[in-house]
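Several structures are given next for inspection.
Two complexes, one shared chain (subunit A), two partners (subunit B, subunit C).
Our next item is the complex of A and B:
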């Protein structure tokens, strides 16, 4: 053992490391402390529940080290991330193993840098790449090569992102750019230091690490430690409640600002709108720019595509919603009219449990063709049904929720719940995905099966209650955001369409489907901006020259009808037209 | 030799321009895609504001163009600029050369099916203003069966961002009130309602028509839009609207609902328009040079516009423009 305690060149590294560790521990305690009590309980329980514990282990490796989700979206970027993250991880692991096998250290013929270091610093400053043990030499060289190739891709991406398949990248400020440079140079500096064994390079290497670790908490690289915590919290099944506290805070720090959501966002079709995407929202909110964060939260259409493509699974839409709820503004709502509504008369239906309750919702009231088609379908199938809102019903509450007015929404939801329960029906069929989402997520209707009409029609066909003929029309199906991405209802409508005609593919389908542009979610998109989104979405649907566009949302239907070169129909209309 | 002037469109604008050009010593040639001259106005029974028979006006205009060379059931399929003018190919295979072209292609009626919430094509008793006019002309329409209550909806497909038409269609306010009076004449016992955003009674005698509608015909004008139409068990229409003057929503059962459909540019001319290099304005109508001194001119020398192809226009507006385009063409030919 070398009598020397340590050489001063290790100090920058040690200070940086101590700083970042302290920051992380304090941050961890802060996030957990900010969780509401019941959420915290859920969190602790999830850690010991075998199912979630296994998911935690799987995702900690799969997501943090390999980033499987980036591989799926873009293999080049997937490799880039894996090369740097996994490569670095392996160098640390193998380095430790190597030193362990070389014990006792006293036996090493210490020379150069090693002679100046006690045990503690060996794993960081030992000359890994100059080792003479063949197995380790090969492994270490391999992972070093991997890291450097990853950095090369990163450099190419920085210079010309289109080469790696990315149109728009996040624009960074000084700190983010500087730490990126620090990261890129860590390994080249180390290699030079080892090969030359000149003290100055070891100093540079140590300082580089120090810069990286000191800047880490204030930049996007904070996602490295935070993502692990976020994975655990996510598997506990939490929901963000306040935009900058607890679970949401963990998400803000987990966002790596990679910008994959920028190209994905339907608003980016107009370049000037790409600043309204989730990557920027997370940045602004994290940096405490509440005004900008609020503006972006209100511009967002809540289509959920950024969440679908996010490699970290950041729930940016939910955080935006909590941001909307956090801003109190006065509206004067008068809910006295709610008392005037009485229960749907189901007295003529003897077996109330067999009765299907149909709720058209405001949007479907404006598209009477869908209502008429649903009537025809239910009659053809011999179903007993009643309309919940034949003479005009109460709103499902979603528009109020989208405006961040939870209390107002709850007044309507309570009345609707009362009416539905009083009817005694066990099946509730909805034509509007906007209603469907709120009925599924916010209502407590135990004992009532909630179905969108696509699912209902699909079931009727499968049960043989409905007979349809097949025509020669080529359909393309548009996935409404609140049915597809929100609930994964992708197959039912497609299976129904294959029964009545031929299905053609859109360019972007299922979870990548592009919002129609009519979304209720956005408060401040102009009609022109919405039109651009609609045109882009229609062009995407027309990719394989279908004869008709079919969707399953009255709002998508109305929005597309304004811009589509071919007929736009609801799935129910198509089926009603093919009844036998 | 007289100079040939090609006039595309044989409605009010085309006929009047042709009549004037002929008097000025030129040789106008009308190419009309339908089987008769007269355009939309020939489908009309009476004209606002004074209930003047449309036939009188159309017959007078027809009489003035009886010597004008006219192609019916014919469209211009191709057109090219030649050294001294234009060379056009017609759908009947003939070709003709002209010194100047006048686009007088007019408008198309907004397809009411596009406002699904009003139920046209879904519920039997929803009809368009054009169909009601036909009823006045012929006295026949299955939907009109001694109605007790009739409603008119203004601005269908106009001033409506949701159908991409933000402009005012100009003639529907006065037409609605005219038709409201007329239906009241046929069915004096019926209640008649009109649902409007603003009543734009801008022309001479229009305001008198508005007062007459209320005083003499007891038509009830409700300021507010109809938002939804549905059908009850008996096939009657149930509408939901808002009376914005009372600040209250209202529901009403109607026997017939009439939709005052707006004007849109007739898009069947798009290909020829493109070949001539004439663009569209933000409302989708043809772009003229400017709305004051250049209202009949386009960005292209020798290509002129008249009538409702540049914006919704009333019949007097159109006739005025047809006459002014004749002067512009004359000046162009004689290099004034």
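Our next item is the complex of A and C:
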């Protein structure tokens, strides 16, 4: 064989590449094979539905190529990642385009080879095999330097992450550290090999690539090939059913362990808890450390902030829930006592359809001032209303779901559904975002409009049914996790507050708001740990020195009230106080 | 005085012979249990207690007396809503303890 067309030093790269490709194909088949049948159908259908297909194309380019989400989160990290990933991609693409313009080295022509034949290792080692064409060569060098600039930032981040605006980074094991080192050295070696053309460096460069490829499936860099599959599955609207199978498996492999969730997690306020963040959960689950994964899943508050900041949009909260369902507590609930229970009496309401059904929920029962305020508001607006749980009532079922017990939760949900349907009302107003989430997601209440009281009050104000006066108090609004991040109800409460007073901004708002620390999602956090989270969250809200903290969740209200230096009120209370 | 018969079954608990393994295990994993003052706030707010005899305060008492089966039976009523945890003046993670009893 002609030495200018083949040289043994390309072998490590070729073998590594073949390994990665085989692994990816097998993995792809495995993930798709593990999907439940209806999910698989949904997936195939989503690929040809124009709307999801367009979303797929948009995100494949936006997320996999240009890393838009990292840019939004932190421009320095955005550049770092784009420089390395996009730069590498461009080198490969340009290399392949260039194949058609390359001229063989002198000497080969004499042997009858007129043009370089396309060959997949040429773009990687092109300078060894061919004379370059000027324009492409400049482009190639440009992108290679861009990658190296990205690596320099990565090295700085490794030495002192605070320079690039990251407080805590993920702690890696041996394999992850080694592959990172392999990745960092690939490009400098390529540069040296190309510029000096010393045989030893070509060998090192090829072996380095080989090491990277062989370690890739077992380390965080598996996110490079998997993310594309994950985007397609995500847009198909799937939910993880089992923690380590199918869709969840694709997510586990797509997690790059970047650690952006570590700084974001409210629990990280105490350093000893930063190991309970999603990055570590995904790692533990992926490595099969079931006990640790279970412990983290149960410690998590399910506030959803890690999902909001994730540059890959990994739904770690859903995976944690499926982990909880996989290993449920051995509490065998028996709620048969609910069978004969009826509490609403709408028999004397003439027009049942116009009647607003109000469900306070357990937490609001503990904060009766919210109930009183809602009563005042509904009366002032001249609404016909009925309480679903005037004295007592049944839990909405979300806490039971959070403990991984779906069947038991469904027993309670069925009872509540029966009561709501029996009332004949078409509008259900809730004061507790915890209830709101489960009513929206799990209940089947066709023909009943489900509203949180922030939305309801906002609508009443807009319809002119409610008249309020404006005072001079400066409010700051805390977004409850289950209302804000889960359903994007950010504007309604703020608009209501603008009507009754002045709104000041918190340091972290909307999808970045910090959980109050009272969350029902966590089973393991002690009161002391919760208090630390609350203090941090209050400090964040007090950033612009507001006179009062306003929230829309009875649990947040109770949690903040213990630690806040100023008064904490529910939105309904504030509005009720300003009624005219 | 023992006549050899009585109207109601004896509720006498022999503390020397009761089996406290569950309670002791619980105390190890949830040391905050020791701070309980048996105020009964948990029972007063209990959602399930509205319909049944469910009472966390009594569950704890049962465990202290080795009546594990009775305690576990009562836990079946629980809705895990977490109101008890929220109102506890000692900040005891009651929901976690309830779940741990059944572990």
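One rule holds for everything that comes next: the second predicted complex is superposed on the first by the 548 of 580 C-alpha atoms of A that agree within 3 Å, B and C clash if a C-alpha of one lies under 4 Å from a C-alpha of the other, contacts with A are read in each partner's own complex, and residues count from 1 in each chain.
Following the convention adopted for this analysis, a residue touches a chain if its C-beta (ideal position, glycine included) is under 8 Å from a C-beta of that chain, and two chains touch if they have at least 3 such contacts.
As the structure is a computational prediction, the values presented were derived from the model and not from experiment.
Peer 1: Could you classify subunit B and subunit C on subunit A, in the superposed arrangement, as clash or fit?
Peer 2: clash
Peer 1: After superposition on the shared chain, which partner residues are touched by A:527: those of subunit B (first), subunit C (second), both, or neither?
Peer 2: Touch status of A:527: both partners.
Peer 1: Kindly classify A:133 by the partners it touches after superposition: subunit B alone (first), subunit C alone (second), both, or neither?
Peer 2: Neither subunit B nor subunit C is touched by A:133.
Peer 1: If we overlay the two complexes on their shared chain A, which of subunit B and subunit C does A:335 touch? Say first, second, both or neither.
Peer 2: second
Peer 1: Could you figure out whether subunit B or subunit C reaches more residues of subunit A?
Peer 2: C
Peer 1: Scan A:392 for contacts with subunit B and subunit C and give back first, second, both or neither.
Peer 2: both
Peer 1: Quick one: classify A:196 as touching subunit B (first), subunit C (second), both or neither.
Peer 2: neither
Peer 1: Just checking: does A:561 make contact with subunit B only, subunit C only, both, or neither of them? Give me first, second, both or neither.
Peer 2: In the superposed model, A:561 contacts subunit B only, not subunit C.
Peer 1: Quick one: classify A:365 as touching subunit B (first), subunit C (second), both or neither.
Peer 2: The answer is both, since A:365 touches subunit B and subunit C.
Peer 1: Going by the overlay, flag which of 4-12, 220-228 or 328-336 in subunit B ends up clashing with subunit C.
Peer 2: The overlap with subunit C comes from subunit B residues 220-228.
Peer 1: Overlap of the subunit B and subunit C footprints on subunit A, residue-wise?
Peer 2: In subunit A, residues 365-366, 392, 527, 558 are touched by subunit B and also by subunit C.
Peer 1: Touching subunit A in the complex: which residues of subunit B?
Peer 2: 114, 116-117, 119, 122-123, 161-164, 227-230, 240, 251
Peer 1: If you look only at subunit A, which of its residues touch subunit B in the complex?
Peer 2: Result: residues 365-369, 372, 392, 527, 531, 558, 561-563 of subunit A touch subunit B.
Peer 1: Can you tell me which positions in subunit A touch subunit C when the two form their complex?
Peer 2: 329-335, 337-338, 341, 362-363, 365-366, 391-395, 399-400, 402-403, 405, 412, 518, 520, 523-528, 555, 558
Peer 1: Considering the complex alone, what residue numbers of subunit C touch subunit A?
Peer 2: It comes out as residues 32, 45, 47-48, 50-52, 75-83, 86-87, 91-93, 95-96, 98-99, 102-103.
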